[in-house]
Each structure stands twice: as structure tokens, then as C-alpha cells.
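Shared between the two complexes below is chain A, which pairs with chain B and chain C, respectively.
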Partner chain A sequence: MNIHTTPQRTPAETALIDAFGDRLSLLPGDGTVMLKRDDAIEAIKSGLPTRRIESWHYTDLRRLLTSVPDFDPAAAPNAIAPIVEGSAVLPVLNGVSSTKTPDIEGIAVQRLSEKLTDGSIAPGLDRYGADDAIGALNTAFVADGYFVDIADGTELDKPIELQNLQSGGQTHVRLLTRVGAGAKAVIVERQTGEGAALVSSVSQLLLGEGADVTWLIVQEQPDTATHLAQFKAHLGKDSKLTLFVMNAGGKLVRQEIVVKTTGEGADFTLRGINLLAGDTHTDVTMVLDHAVPHTASTEVIRNVVTGRARGVFQGRINVHQYAQKTNAKMACNTLLLSDDGEFSTKPELEIFADDVVCGHGATVTEIDHSHLFYLMARGIDEKTARGFLVKAFVAEVIEELDDEAIVEALEARLDDWFLAHG
Partner chain B sequence: MLEIKNLHARIVDDGTEIIRGLNLTVKAGEVAAIMGPNGSGKSTLSYILAGREDYEVTEGDILYNGQSILEMDPAERAAAGIFLAFQYPMEIPGVATMEFLKVAMNEQRKARGEEPLKIPEFLKRVKDAAALLNMDMAMLKRPLNVGFSGGEKKRAEILQMKLLEPKLCVLDETDSGLDIDALKIVSEGVNALRAPDRAMVIITHYQRLLQYIVPDSVHVLYRGQVVKSGDKSLALDLEANGYAGVIGEAA
Partner chain C sequence: MPAVQDTIDRVRKIDVDQYKYGFQTEIAMDKAPKGLSEDIIRFISAKKDEPSWMLEWRLEAYRRWVTLEAPTWARVHYPKIDFQDIYYYAAPKSTPGPTSLSDVDPELLKVYEKLGIPLREQEILAGVQKTDVSELEEPSDNVYKSGRVAVDAVFDSVSVVTTFKKELAQAGVIFCSISEAIREHPELVQKYLGSVVPTSDNFYATLNSAVFTDGSFVFVPKGVRCPMELSTYFRMNEKNTGQFERTLIIAEEGAYVSYLEGCTAPQRDENQLHAAVVELVALDDAEIKYSTVQNWYPGDAEGKGGIYNFVTKRGDCRGDRSKISWTQVETGSAITWKYPSCILRGDDSSGEFYSIAVSNGYQQVDSGTKMIHLGKNTSSRIISKGIAAGFSQNTYRGQVSAHRKATNARNFTNCDSLLIGDQCGAHTVPYMEAKNATAQFEHEATTSKISEDQKFYVMQRGIPEEEAIALIVNGFVKDVIQQLPMEFAVEAQKLIGISLEGSVG
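Up next is the complex of A and B:
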């Protein structure tokens, strides 16, 4: 009897494996890095994850990734202005970082290709689990990005904007940031472009003791692009991270968030907005580990679903045995505006400590008719009033950020989306 | 200005008839008080005038300046000059009050073929109106009605009424939840809006409000009908003797 367990490769899998062979000679990396790349491509050879893998249940990557574009060395994305005026911009164009880096006191910027070449990044290239397909894809192909090192005690008065811009083809980028003890920064991660691209982007953030960071991911890929992204952070003692994720584009999007509190007193806030339209698929998957006592987290995700769009939020909170006094709250609220749209929410709390406060909640609603009546009774026509209420539903999360320049910048992105999809 | 003729209306969801053959005429410049016991249909009447979809008119008509408004949606009615001050104004998180006021004013101006207000002019109008109602501008920086006390919500309703300059004002239990000082301020705000070309329908359970906003006519609503009409002395009579007498006569 012939038991054949490996299914036939999909065109996308074949394209990735072939591309790796073609790209290998161009990829930077010392021996260790190249070994990690080999491991990573082996993982892809064993097949992209399907719905049978629990963490990919709602996003069957093998089925959804129907094609993979070739690398396009000639792709030349246009530069864009940062969302907050005066930000220090670090652009990655078509997967390549810039040789010119801004000169800001307290910040050292290095091109990631250098860290691949000298191998110093190698330990960070490991996958975090057997189901880490995005990590594998990125490790296999990553050629560039930035390493941003913010010195202890540095307080930035303007944001740093990391821009990952594509104009078709494949780009695989890694953005590494270390924020020193007591340092304070706002970092914008901009993911956008104009081509039918395959993008993998992995951000890694290390927060030192008492560091305070607001990290904003603004993803506005065109509805032809596949965007596979990962954000990984370690939160040191008494550090504070506010992560804001806005998905407002992309055909197939998966944004993974992997956060670990490693120091007591660490505080993590996640706020997310998914604006879903057309025939698209967007997945936000979070794995949060409360690994030490006395740490807190809150997560609020707001989704607006229109057209035939499908959305997913998976939020997993692991409270380790010694992580007493953990305080974790998670909420996922969806405004479903079309009969053909759908949103799946999967909260998971795995708690091994016995003295914790943890909770989660999920709602799916339509527009509140009494609110609509109130606005219309003031002469606001139905279409405008509906737009008002939909925007209000997500703007509430933005306003919590409590920084006027950032709130204005994000609301402008919101307005752009509503203008295009209103 | 307002003519309600043999109006019958029911709740869409369960078919319960609330308004059962109501007749009422309010002239331009007139302030009409609608009084009545709980459950007589007072608030329902206010919602029907504003065009709330939860109620269905099954018979009769509502004429505003001689035209039926039954086919108009709430926004069209508001643009035509009908304003409802809500008994329970909605809290709408995420909608900035100032933005809401600006859009509402400009939408109505647009419907009337007027240019949108310039920002300084808009701000001036809001500031003047807020001062008149003893409202703190900081309140208006909050999301719409969110975290407002009962009294603040009622003031905010009158502020909107002043800014939108309607021709027919319907005030639904504007006095509920107000302490005596707030009641005076709100009443002064309403009285300042009395004008020969503007009619007001004041819905209230108690005579108290009518000491401050003196009506030209008083109508008693019971079981969805106007069972008695009179001048302001009728309100005093009701206060002294209760609804029982009037209702008894009607029955």
C-alpha cells in the first residue's frame, strides 16, 4: 500500500521554493543566517498551513494564497509623506533600506542587511513555533530593513516612521527596534504600496526597564496585495507599550502580534481597527504571554465589515503559573454592514495562576437605530448619518491614544478609507 | 403651522395603537402645551412628528405649513424646520459634539440652498448660545452627550434648537431631570426663541414648566386623543384637581 502524506504542492508553494533557489546567491547572511534560511525554506517545503493547523483555522493560507509574484528588481515605489509632519522617516523601498539615515541624537540606525551579513541578527531569525509560517517565509527571504537602537533615557519629541513601500513583486523586510531604559518614543510602521505584491514584514521590539513606546501599524496595501506581517515584543520591567494596529487594505492580510511581558510592572495596551471592504480577507492574531507577576494588558479591537469581506481576530492570553496579579481584559466589537460580510472572533484565555483578573467579550452589531434617528432628527441625511456613526465606532479607539498629532493623523487615514469606501 | 387631523398611529413591532384619532392645530407664534397622564401618548406624538420609524401612521394626516409630512424622513423634516428636543437625548460615543453641530447646521443650510457657515461664524454662534444657556464650552469638546448629566443633556438640546433655528419646536418633557436653577435657565433659553413665525409644542407631565414658559394654549392628551383644550388656566386647574376630572368628562 502506498501512503502518500505530502499533498501535491500548490502553485504558490512551488513558486516560493523556486524563488528561493533563484534568490539564494543574492541573499545576505553569514553561515548561521544561511542555515536559518535553509531551515525556514524546509518548513515551507513541508507545506503552507491549512485550516487543520489550529492557529490558521480561519485563514487557510494554503488555499488563500493562490499565486506568488516574481521578485521585481525594477519596482520603484514612490516616496510618501509621513502621517505626522516632522517625523524622522526610515524608508524601505521594494525591500531595500536607504543608505542615508537621519541623524538624531540618542538614536543609532543600522541597515538590516549589515546585521544579516555579519550574522548578529541570527538568534532573532528563529521561528516562535512550528506553525510560524510568516516567520519562516520572512527568515527565508529577508534581505533588508533596519535596526533602530534608541539609547537609554532618550525622549523623542517627534515620531520615527518606518515605511515599508512596495510597487509589485515580493518584498521581505525586518524591522528591529531596541528601546533603552527610560526611553520614550512614538514609532509608526507604515505598510503600503501600489502593486500586486507579496509582502512579509516582521517587526521586533525590545523594551528596556521603564521604556514607554507607542507603536502604530498603519497598513494600507492595495486590494491586490498579500500582506503577511508579524509584530513581536518583549516588555521589560515597568515598561509600557501601546500598540495600535489599523488594517485598511490588502487582499489577504494576516497581522500576528506576539507579546511577552518579561518584567514585573509591564503594561501592554492593544488597540486595533480593521476596516474591511470588497472581497478581502484580514486576520489579526495575537498571542500574549503574561510571564511574570504584576503585569497588565487591555486589548480592544473594532471591526467594520462591508461588501464580501471576511475578518478574523484570534486573541490568546497565556497567564503563566507564577504570573500572579495579572490583569487582562480583551474586547472585540464588530459592526457588520453587509449581509455577505463575516467576522470570526476567537478569544482564548489560558490561565495557570490562581490570583488574576482576566476577561474577554465580543459583540457583533449593526448601526444603532436610535442613534441614527437622533442624528437624522437634526437634519443630517441618512447616508451622512450612517457614515458618522460608523466612523464614531472606530474613532473612539483612536481618540483613546490621547496625543493630538497622532489622533489627527490616524483620523485622516480613516477619512481616506471612508472616502474610498463610503 | 401645524395641523394634526384624526391621527391614528401604532407601534410597528407589535401593532399596539397609541394615537387614536388625535386632532390638534398650532398656529405660527403659538406655544401649545400638551399635558396628560403617563401612557397617554405624549412622547409617541413627539416621535411621530419627528418621523421615527418605530411608529406607523394608519389613518389621518399631519400637515406642516399645509403640506403633509408623513412621507418625509426625519432628516427632511428637520431640514424643513421641525425640531424635537428629546426627553432622553442619545449619548453617541465617538461623535465629537462640535463636529456634529457643524455638520447638522450645514446640512440644514444646504437643504435650504444656503452656503455653509465659515468656521469663525460657526464658533461665534456656538459660543453665544452656550453663554446664554450657561454651558461650559469644555463640555462641547466631549463626544455628543457622553458623560453629560441629565440637566446638561437638556441644555444641550436647547443649544441645538437655538443653533438650528427651527420653525416648529417640539419639546418632550424638557423639564424632567432639571433642578429649579436649570429649569429657569432652560426656560429662559426657550422663551428667547419665541417668535411670531415660530410655533412650539411643549410636552410636559407637570404644570411646573408652564410657570416659566407660559403657553397660549393647553391640551390634555388621554388615550391617544386630545380630550380637552383651553388656555393657560387649564394647566392650573389640572395642577389643583388632577387629571381625573378632565378624564372623567371625556369618558
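Up next is the complex of A and C:
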């Protein structure tokens, strides 16, 4: 079990390295950015992570990433309507941002390619750890995206929707958002498209003092796509972030969530729904750092596993030594509905401070037979009754978001999935 | 509130560097040269007068071991171990195979007396004599009276004495050192040795397979309820030695056995390695209860010295309706790294794991369990209580998995951590893997310090602060203490008091 050998490169690794050579001349960036790209491709050359890397234990990327599509400059995805009517839409079509940006007071939008060219975002391109394969892949290839700057005190009445749409090939996108002190916003991150694409998408969010943001990630890739995504956030003093993640598609999905509380009084809420079907693999991995005293977090993840789907949730809460009075709670509940499906969960607590209250709970089970009986005794047939219970199980998480328009929009996405997957 | 002098004295007495088993005994020892090679293995095998199949088995493990690298994934940090700087065989010279206590070196007996091990206690001693008498006069009449404990004492590399052997034999139970079992019962050893922990299982298990020197062997035949508690005491005495013991317990159909191990070592500045392998086999309807009170030398207050306790323990619920229960109280060792596990192979089998891990000073603990559900309707229960104080790191790491065919697998896991002081760490790393829709897994974990409310509640009833904390901590670990055999629950409670109060004060 401990024999180390230098493995040969897989076709996917070779394809990525070759693609980098081909694309290099087309990638924007000044000297520092290009150096970061070189470092990143070196990391890929040393091999994609395997199950021997602890944070990739349940998602052996080296084995699961069997093929890498070529870049397809001709791909042209169709525009889609935002989930909440009237949202300001910022589309990235096949990895390219739009030159037309909406004009909203208090918001400055810049194309990311410009910020790569002038090198001003170079520091943000660093990987967060040696096992950050998604960060490396994205840094090596990222060509575009957006930088959204919400000024201090701005309160948006409509959501901003960042759309990352693809139609095959490879796309590598980065979405940066800075929310100023006291500002308030709802931001939707849509990840969808068609075809057997390889998508890497990194979102970075910086919350100023007292900022209040609800961020929704709605991932509905086709079941042929590989979706490797990362969401990174720093929470300033007294800021509040509600992150909602819905995974309802993709063949191989890894959504990493890396959050750090950097100011006292910060509050982080994560709500997640993973709807898994077919022969797919979905991994949600969260690393949450409570780095300062008096911060709070709660995480609730609900999973529904059908077909031959494999699901993973890894959640690690680190409480640093000086982060006294931390209050952290995490729950991961799974409904395993088929014998061929599987779900693995690893909720971790790493605690170095003593005056804290931290807890986690995890359950895996099937539908409660007494609940089913209750409904069936009232004349509802088994299939419908099961449908009710499964939907109620996940809808509970959505209903916690107290914005009616958003709850309705997400429930509509949920209905779509149930319609498609019975 | 100022602490009363009595409490202060008590706390001082039980400080980390006041390890009371830290004495060393001068006993003439027979040692193999330092280092590890095929020759050393041949030497050990020859010393033990082993059959050739055993030597081959060891050599095969050794050849495998040289190709392996030491694992590094656990949350424990220590300097690289130089495996060539260890004595792999050290035995008290005056033991050409003692059969009764009178044959044992009195120095050795003194050691065990100091440890408070009841080898020579009056009643036990009377028990030894009675065994001799009972053979002639009244067979098996008083065999089933409870309250007595048969002890196997292991000193460095060899088992020096086993008590109550004859009495146990009357019930059909074989309880002897593993070396003796290899000579006397080769068919049983050959059948079961390595069948739960294969030689190539992991780095330290492979090393153990190559060089293990002694340990206990228990065989409880079909339908027999072992008439008394069995117990092994391990003592590491010699400098620079490693202790590699191997324990094999087999409970045939419908059998029951309760087994306890306890361990201590002298106080030294350098670290010593203890890499044991324990294998349990439970056939249909059998039950094995395995309890550990581990109190190896934990190192001094600065973290110097102490035992590296790298142990592989695994139970195989091979038969239907079998049950294996692990209970452990871990207070010693500089580093504890072990996961007593259950393979729930038989239908309706069940596994249990109860653990209290107390760490203080610079101790590091990375312990937990694995419950592998393979059969139908299997159930498992994990209760783990970690208490970290001082500069210690205390990790629970556990795996629960249900395989495709494990319909109706049930697991309940509860792991709580208590932190005392702001320089220590408590970590929880559970792995849950469900591959069957009918599996039901529940896991809950909490980490906190003793809440002011709880403390206030107890103190306002007139109980001083330190006693209040002790009371709350005792309540915290009660679930686990209850699982220990009566005789040892008291001992365990005392041990926890020792490790904890030193830090509360």
C-alpha cells in the first residue's frame, strides 16, 4: 500500500499539457500572470490528484478524468433567461465575456481578460494548497470572466446573474467580486450548457465590513460534461454570506468551497442540495477556516442519490487557536434511493481553540417507511408519495432562503429536475 | 476559590511527569544484536523453538516489509524511526519456560507487584494452588465462580507467566503465550494467524509479522463461556527495545470470552516503539469483548520520551450473529495511532467500539475505528470520547462502510471531544461510505469545553470547582466506562482522574 512509483501520464494529463503548449500564445497576461501559469502547468505535469491525496480520497481525478476535449473556437452557446426575472445578466459564452456590460449605479464591471493583461489580479491566481488541482488547472488556462466591484453602501434591489455557458470544448473562467462595506447584494452563478465539455470555473468573493451577500450557485451541466469549480470567499468584519449550492447535472463534478472568516462577527451560512442521477460522480468539498474570534457558521447539505450515481461531501471546519467563541455547526443528510448509488461523507472538525461550540451530524438512509405509510394510507400511490417525501426533504433547505423570488426560482429548477428524473 | 492543600498535593502528584510506573528494573536480559535482518528473524525463530513454517511466514513478511515505506497520513508527528537501532528481541534470562509462579524470577514479580498487577495477590496465589489441588480433588466445581482473573504477563519480548492455565484447561479454554501456542497447537495457529490482519496489511503489521516475539493466545471452544476474565499485562523494560506482540483470540460457535490488556513502561528520554497486532475471530453466535487500559509512558512535561503505540487491532465477525466489542481507555503513550476495527462478515453480526482517549502534555492521539459492514442485517455502534489538555492533539478517525450486499446495515456513531486549555487541539475525521440503499448511518460529533452553566449548576450545590470539573468529566465518559469489566472500570476511572486533574489545576 505504500509502494511509490512514478506513474505514466494518463491521456487526459497529456492532453492538458499539450493544450497548454498550443494555447499559450493566445492567453492574456503580463509577466507575473504568465509565470503563475507556468507554475500551474508544472503542478499538472506532476500528475492529477489520486485517491492517495487525502482531499481527493473519494474523487480520484486522475482515474475519473478519462478524456479532455480540444478547445472549440466555433462553439456558440445560446443565451438563456436569468432565473429571477429582471436580473442584471453578465454572460460568459464559451469562456469569453461580453463587451457590453450593464450600467448599474454603484457597480463597476470589468472584463477579466483586461485584468489579466494588466496583471492586477496576479496575486489571486495562487493555489490555496498543494492539492489545489482545480486552482492549478484554472490558473494555467483562464482567459476571461468578470471582475464585479460593488461600491460601499450599495443596496441592489435585483440580483446580478453571472452566467457561465458552454457548448462543448474547454472553458476556463474566473469570476471576481468585491462587495464594499455595508453593501447588500444577491448574486446568482449559473453553470450550464451542452456537450461533453471540460469546464473549470473559479469564483472569488471579498466581503467588506458589514456587507451582506446571498450567493447562489446553480449547476445544471449536461450529463456528459466535466465541471470543476471552486468558490473562495473572505468574510470581513460583521459581514454575512449565505451561500446556496445546487448541483443538478454533470458527469464528473467537483465543487470546492473555500471560506475564511477574517473579521470578527462574520457569519457564514451554507445550504446545499445535490440531486444525483444516472452514472455520474458529484463531489462537494468545503474547507471553512474560522480564523478570528466571535464568528459563526452553519452548513446543511441535503443529497438525493438515484441510479448509479456516486456522491461525496467532505466538509472540514478549522477553528484556529485564537478563534475563541466560534460557533460552528454542520449537517449532511443523504437519501440513498437506489442500490447501485453510493454516497460517502467525511465531515471533519479541526479545533485548536477551547472556548467553542462545534458540532456535526451526518446521516445516510432511505425514505422513512412510516412516512410513506402515512401518505399511502391517505390514498396516495407509492410513486407519488415517494416523490412528495424526496422533494420535501430538499425543498426544506430552499425555503430557508427568505427571498420569495429566489425561493420560487429555485423550486422551479427543482421541479425541472424531478420532471426529468422521475 | 483557593484550592485546599489536599487537592493541590493530589494534583501535583498526578502531573504528567509524575508517571508512577516509570521505574526501571535491573534484570539480567538475553538480547539479540540491534537491528533487523533475515538473520535476526532466524535468531528469534530459533530462540522460540519454532517450526519451519513459522520461520517461512516471518521471512515472507520481512521480505515484503523491506519494500514498504512508513505511512505518514495520520495526524501525528515524530522523527523518522531508525528501524536498525532497535533491539528486536530482549528476554529476561532466567526464564527457561516457567510453568508456575515459583519458577519466576522474584525481581520480575516485584515489577508486577509495583504495577499493582494481582499476579501474586493472596487470593490469586491461593487460586494458583487451588488449581493444582483441584486437579486431584474436585474438578470444575468452582471453575465458574466469577471474580477471578487469569493473567498472562509479557515482559519485553516474552511471556513470563500465565496464571490459572490448568483451571481454564478444564473448561476447554486454551490461554497461553503465542509462542507456546505455535509449539503446542500449530493447527489452530496456522488456521487463524494472519487471517484477520494479513501479513501485508500495513507497514507496522508487516513488521510485526516478521519479528513478533510474544503475546497471548486464546481459544474458546464451541459452546464454552470462558469462566473468568482473561488479562494480559505488557511491560517494556529494556532500553532501545521495541515490543512487538501478537495476540490471537478465537471464539468458536456460541463461545464467549472477555479479555483485558494493560500496559506500562519505564520513564526514559528516548522513544520506544510498540507495534502490536491483535486478531479476533468470532464464529457463529460467539462473542468477544476486548478491553484495553493503555498506560504506556507518555513522555515528560516537555514531550521528551514516551512510547510510540502503533497498533493494528482487528476483529472478524466471521459467523452469523457473532459480536465483537472493543473498549479502550487510552491515557498513555507519546503517540497513540490505532484503529480497533470490526469486519461484520456474518449475517446479523454486530460490532461495538467504546473509547476514551485522554491526552495531556505533548501527547498525540490518532485513534478511532473501522466498521466494515459486509453481511446482511449487521449493526455497529461507536461511542468515542476524546479529552485533550495541555499541548496535546487528539484526533478521532473512523470509517463506517456498507458494501453493496450489506442490506439493512445500521450504524450509530457518536464522538464528542472536550478541550481543556487553549493550546490543545481536538479533531474529528469520520468517513462514511454507503453503497446500499437500505443502510442507515447516523453520525454526530460535538466539540466544546465544559460549559459555565454546567459548572455553575454543580458548584452552586457546594461542590468546589475542581471536583465539579471532575464530576462533569466523569459524566462525559460514563457511557464508555460502563462497558469495562467491573474490576477495571475502577482502574480506568482513576487513570482518567490522573491524566485530567493535572491539567485542570
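We take it that the second predicted complex is superposed on the first by the 417 of 422 C-alpha atoms of A that agree within 3 Å, B and C clash if a C-alpha of one lies under 4 Å from a C-alpha of the other, contacts with A are read in each partner's own complex, and residues count from 1 in each chain.
Simple rule for what comes next: a residue touches a chain if its C-beta (ideal position, glycine included) is under 8 Å from a C-beta of that chain, and two chains touch if they have at least 3 such contacts.
Please read these numbers as outputs of a predicted model, since none were measured by experiment.
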item: Which superposed partner A:181 touches (first chain B, second chain C, both, neither); value: neither
item: Touched partner set for A:27, first chain B, second chain C, both or neither; value: neither
item: Which of chain B and chain C A:379 touches, first, second, both or neither; value: first
item: Residues of chain A touched, compared between chain B and chain C (which is higher); value: C
item: Contacts of A:369 with chain B and chain C, given as first, second, both or neither; value: first
item: First (chain B), second (chain C), both or neither touched by A:89; value: neither
item: Touched partner set for A:392, first chain B, second chain C, both or neither; value: first
item: Chain B versus chain C as contact partner of A:80, first or second or both or neither; value: neither
item: Touched partner set for A:151, first chain B, second chain C, both or neither; value: neither
item: Residues on chain A lying within both footprints (that of chain B and that of chain C); value: none
item: Residues of chain B touching chain A in the complex; value: 50-54, 73-75, 77-79, 83-84, 86, 89-90, 92-95, 100, 103-104, 107-108, 111, 143, 160, 164
item: Of chain A, residues touching chain B in the complex; value: 369-371, 373-382, 384-385, 388-389, 391-396, 399
item: Touching residues on chain A, where the partner in the complex is chain C; value: 1-4, 54, 57, 321, 324, 334, 336-339, 341-366
item: Chain C - residues contacting chain A, complex; value: 67-71, 73, 202-203, 404, 417, 419-449
